[in-house]
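Take a look at these structures.
Shared between the two complexes below is subunit A, which pairs with subunit B and subunit C, respectively.
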Partner chain A sequence: MQEKKSTLAALSSAAMMLSGLAQPALANPPDQKTQIAYRFTNYSEGEMDAKDVAEGSLERYQIQVHQLSVKTPVSEDTEISLSVVNETMSGASPWYVVPNAEGEAVQVMSGATIDEARNELGMDFRSYNTSSETTLSLSVSAENDYESLAFGYSGQWRTLQQRGTLSWGISGSRDFINATDANIYAGRPVEEIKNRLRGYLGYSIVMTRNRLFGMNIGVTSLDGYLSDAYKLAWVDNEIVRDNRPDVQNQVGGSLMLRQFFPEAQAALHTDIKLYQNDWEVTSESLDLAWYQNLGSKWQLVPSLRYYHQSAATFYEPFYENRRADGFYSSDYRLSEFSAVSARFKVIRQWNTVSVNLQYENYSASGDHPALLSYSAISLGVGTSF
Partner chain B sequence: MIIRFIVAVLVAIAATGCTQVKVWERGNLARNEMAFTPDPLEQKIQDHIYHSKEASQSVAAGAGGGCGCN
Partner chain C sequence: MVSLHKHSFKAMGSRCEIQFYASEAAASGIIHNAVARLEALEAKYTRYRPKSVTSQINRAAGGGEPVEVDSETAGLLNYAQVLFEQSDGLFDITSGILRRVWNFRSGKLPEAERLQQLLPRIGWQQVRWEAPYFYLPTVGMEIDFGGFVKEYAADQLVALLKAEGVEHGLVNLGGDIAVVGPHPDNAPWQVGIQHPRKQEQAIARIPLSRGAIATSGDYERFMLIDGERYCHLLNPRNGLSIRPQRISVTVIADQCLLAGSFASVAMLKSETDTNWLADSGVHYLQIDQNLSMDGNLVN
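This part shows the complex of A and B:
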């Protein structure tokens, strides 16, 4: 009798193990568990170099971000996730660029410290079965000068005996822009609207027992107010408002490879992203991460990201002559630059609780005087039951 | 150029490297560190920062918005 019980127990645990292993390879597969996660990030931009600043503060943005998410099953084939983000920001912001006596570009920063906050509330409702799933997403984000309403509808369909997963999704948002101090600074935008519509297709496949491969391609269309509400441009000794086309079409793709090395008990992540828009900005990024297990409780994750983008067709740090199309932007984000980001993360597991600490250092290089460097340190805690 | 080379290598791996993997052979693939997004909160804040400091946007779907930029 005792032997029968042991055999039954062994068979049951084997079946349970197989059921766990049968989970498809997904970012966060449905598991009928409640999950709670919190993350705090302290983001700090490096000071401007005094030789690059013509006027204003050298200090840049400091941002503290709190994120909280809760996911819980609603029924045996549905779950709901709620997420909250709170950001508080302070610091000075790049305003416009002027040529100095030698004709080199130097930055004028906003003088006063800007203090603002952003709050975001999101909800995902996921419905799933053994071969497919769909998710409806809604979110709202609010700042004192910027509000955004967004939706998403995405799905996955598993094929080839769950070896392959076809992903698709559409999303859209409507943003409302009401610049602060519009009564003081003539021309600052009020009651402007920006619309975004995006669609993507993806496919991932189990290649070997230790390798996963995935790819995505997406298109996005933006229309409405796409300029920066606060930035200005120097044009032939005159200061004018940042003015960009009111339509932008984008196409982007990504390739993702995950390789597990059993001997080293480690996984290598290789992510490549390519992007192009019709303002003639193209970009490429390569992200490598190494997940090293140390026993069953510790994990070390060093990672490195390289990014490069070309400049928008109408971008100049400052303009010697007027443009026929009237488009002007000296925003460093539209300039050509490269950026390297180095990260290091430590993860510790205690039964159902996981704690992680991450440090990131980001540094951009190019011709614009306001290209930034920042460091970010974040602490994450999560549990599932 | 380097990235184009790596893209070519990845596509070549994808085109040639598939083998039949039974359900009970997927233990390593089900590990959290093998997920495309092992930590969704970390991914979300990282994408948000890159999006507000660079001209590119990621291809992911799902709701989300707001500027939070300067």
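This part shows the complex of A and C:
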């Protein structure tokens, strides 16, 4: 009699293992499907406050982005993705900062309205099996004053019966900078080069049926022309070119937690990121997103992100005195600031078609007069078959 | 507005049906996902498609190279191993090749010589299984998940329906039934048990609010030769049709996979052990040759 009860125990435990293994949350199977996705995004940078602007337009960039991607299986264990991005922007951009009569920093904006376009072509080749995958990526991006070639090689290795995933990747790029109107503005860079090399390592683990934890660490090294080709700095009544060190090393890490709440049919995504570079910019960010399923067709995703960074060691809004090292940058992106971004996304799924609409509002605060605020609205359509 | 949705279709060689309560807007997506999941499982484990996991494993038999399997398949192979051990070798997923000599439509018994040739290629004890590597050591050996993949699929569909937010529903894959939850008013589903000797008739009705139910019987496929009944349940050791003392066994368990396994093993065992299910810890109803019922489901 005892022996028969043990049959139930033995079969139950084998069945339990089996149903646990086949949970959709655990599997990351290649789907052997063709996917086509298109997204349009309209960014609208907020107008400058008149009291912060010494000269030039108050209006900033309007950016329209079209993205199209196609993914299709090549063989049973490989797939190829192609993506095209077209970006057009117009408006004025912050040029340099001067002190006003009270000694406060005010922005000089670029004079003429700038119209620019950027096109990017990318290709990913992914090869996978049940326990690992690798992806080779190549991309090229071109605009009239900037070209970039990039490659990446990354992979994933699943362990612990698919519960753990080790991710790794290396990538690099070479950018070619040929500033426009270099014949008019003395000192604008031509034929400059910027190199980037990056590596990362991450590990994520399914802790319970409803909880996923992950961490990631990456290092990046930049060298070459790292200044902004168009920005200037005010140094003791003189205007000089933006000039930054020609090397930058970065290290960044992140932690993520995904918690699914079955009774609510919702998931909380929490991401914390820390970053530091050797220009002494450190940053921290916290991202919270709530993924709410409504039946099997609708998903609502409100999210909130907080970001803070410290200023680069050589940054000043304007310089009263010359620096011994000759480094000057009054770029608001190197100043100390905090930013809050609120997003709301709605996703509607049909059998093979998914449509999503996202609105984002971003606002930065700090001492620099040109700190950015923007709103972005984007509409995406995707299908897989 | 939540209402009852029923969808019938054919899969895994059986008539399948899902019934569930959901809004009109959600129902078609849920049906689509459920059918897609079932089709994916069928494509993965069928013997009939050359790219299925089963075909890959069978093709590699005797070739010297083990096959690396994914975690779901590893789970099924582990389950097959436990089933083999717990049934004292009567439930063996390598015994499917016996169908080559047993044709239940022919009205003829297999030739003894051909049967003898097959027997050395049967026996789970011969396989090499160290996850994730599986290997059949002899050319012509085969495995077949047909003995429990449909029950496993029923459990998977229940999990899928629950994940889609369904609380009240039922999955019926050719008589292997798994329940998501009772009707919204808490009334149980009424499950009919096939009469083992009268087609299309129920011999009993069993109310079921949760868990799963599966039945195994000698009536599914059989032939009568000289008044002797030869059923589709075969003994993997000698390749012969067993003579079950029970003609139908129904088991209720938390999972359809368990219910189906217990029903099958009880039928196989009943040749020598008519009461194998007693004290096994599952709810059951068994019918003997005189059509009398017993078990802990009747009173």
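As a working rule, the second predicted complex is superposed on the first by the 356 of 385 C-alpha atoms of A that agree within 3 Å, B and C clash if a C-alpha of one lies under 4 Å from a C-alpha of the other, contacts with A are read in each partner's own complex, and residues count from 1 in each chain.
Everything below uses one rule, namely that a contact is a pair of C-beta atoms (placed from the backbone, for glycine too) under 8 Å apart; a residue touches a chain by one contact, two chains touch by 3 or more.
Treat the numbers as computed from the prediction; the structure is a model and nothing was measured.
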>> Applying the document's definition of touch, where does A:Ser154 land relative to subunit B and subunit C: first, second, both, or neither?
In response: first
>> Quick check on the superposed pair: does A:Ser283 touch subunit B, subunit C, both, or neither? Answer first, second, both or neither.
In response: first
>> Looking at A:Asn293, would you say it contacts subunit B, subunit C, both, or neither? Reply first, second, both or neither.
In response: both
>> Per the contact definition in the header, classify A:Asn351: touching subunit B only (first), subunit C only (second), both, or neither.
In response: second
> Is A:Ile377 touching the first partner subunit B, the second partner subunit C, both, or neither of them?
Replying inline: neither
> Does subunit A have more residues touched by subunit B or by subunit C?
Replying inline: B
>> Quick one: is A:Val340 in contact with subunit B, with subunit C, with both, or with neither? Answer first, second, both or neither.
In response: neither
>> Under the contact rule defined above, give the subunit A residues that sit at the interface with subunit B and also at the interface with subunit C.
In response: 18, 21-23, 26-27, 161-162, 293
> Across the complex, what residues on subunit C touch subunit A?
Replying inline: 22-23, 25-26, 28-30, 32-33, 51, 68-72, 74-76, 78-79, 81-83, 85-86, 132, 152, 155-156, 159-160, 163-165, 254-255, 257-258, 261-262, 265, 276-282
> What residues on subunit B touch subunit A, complex-wise?
Replying inline: 2-3, 6-7, 10-11, 13-14, 17-19, 21, 23-31, 33-42, 44-46, 49-50, 53-68, 70
> Which bits of subunit A are touching subunit C when the two form their complex?
Replying inline: 1, 4-8, 10-15, 17-19, 21-24, 26-27, 29, 76, 129-131, 161-162, 265, 293, 295-297, 349-351
> Where on subunit A is subunit B touching in the complex?
Replying inline: 18, 20-23, 25-28, 37-39, 41, 43, 61, 63, 65, 67, 69, 87, 89, 91, 93-94, 114, 118, 120, 122, 124, 135, 137-139, 141-143, 146-154, 161-163, 169-171, 173, 175, 196, 198-200, 204-218, 220, 250, 252-258, 260, 262, 267, 270, 272-275, 277, 281, 283-286, 291, 293, 299, 307, 309, 312, 333-334, 339, 356, 358, 360, 362, 364, 372, 374, 376, 378, 380, 382
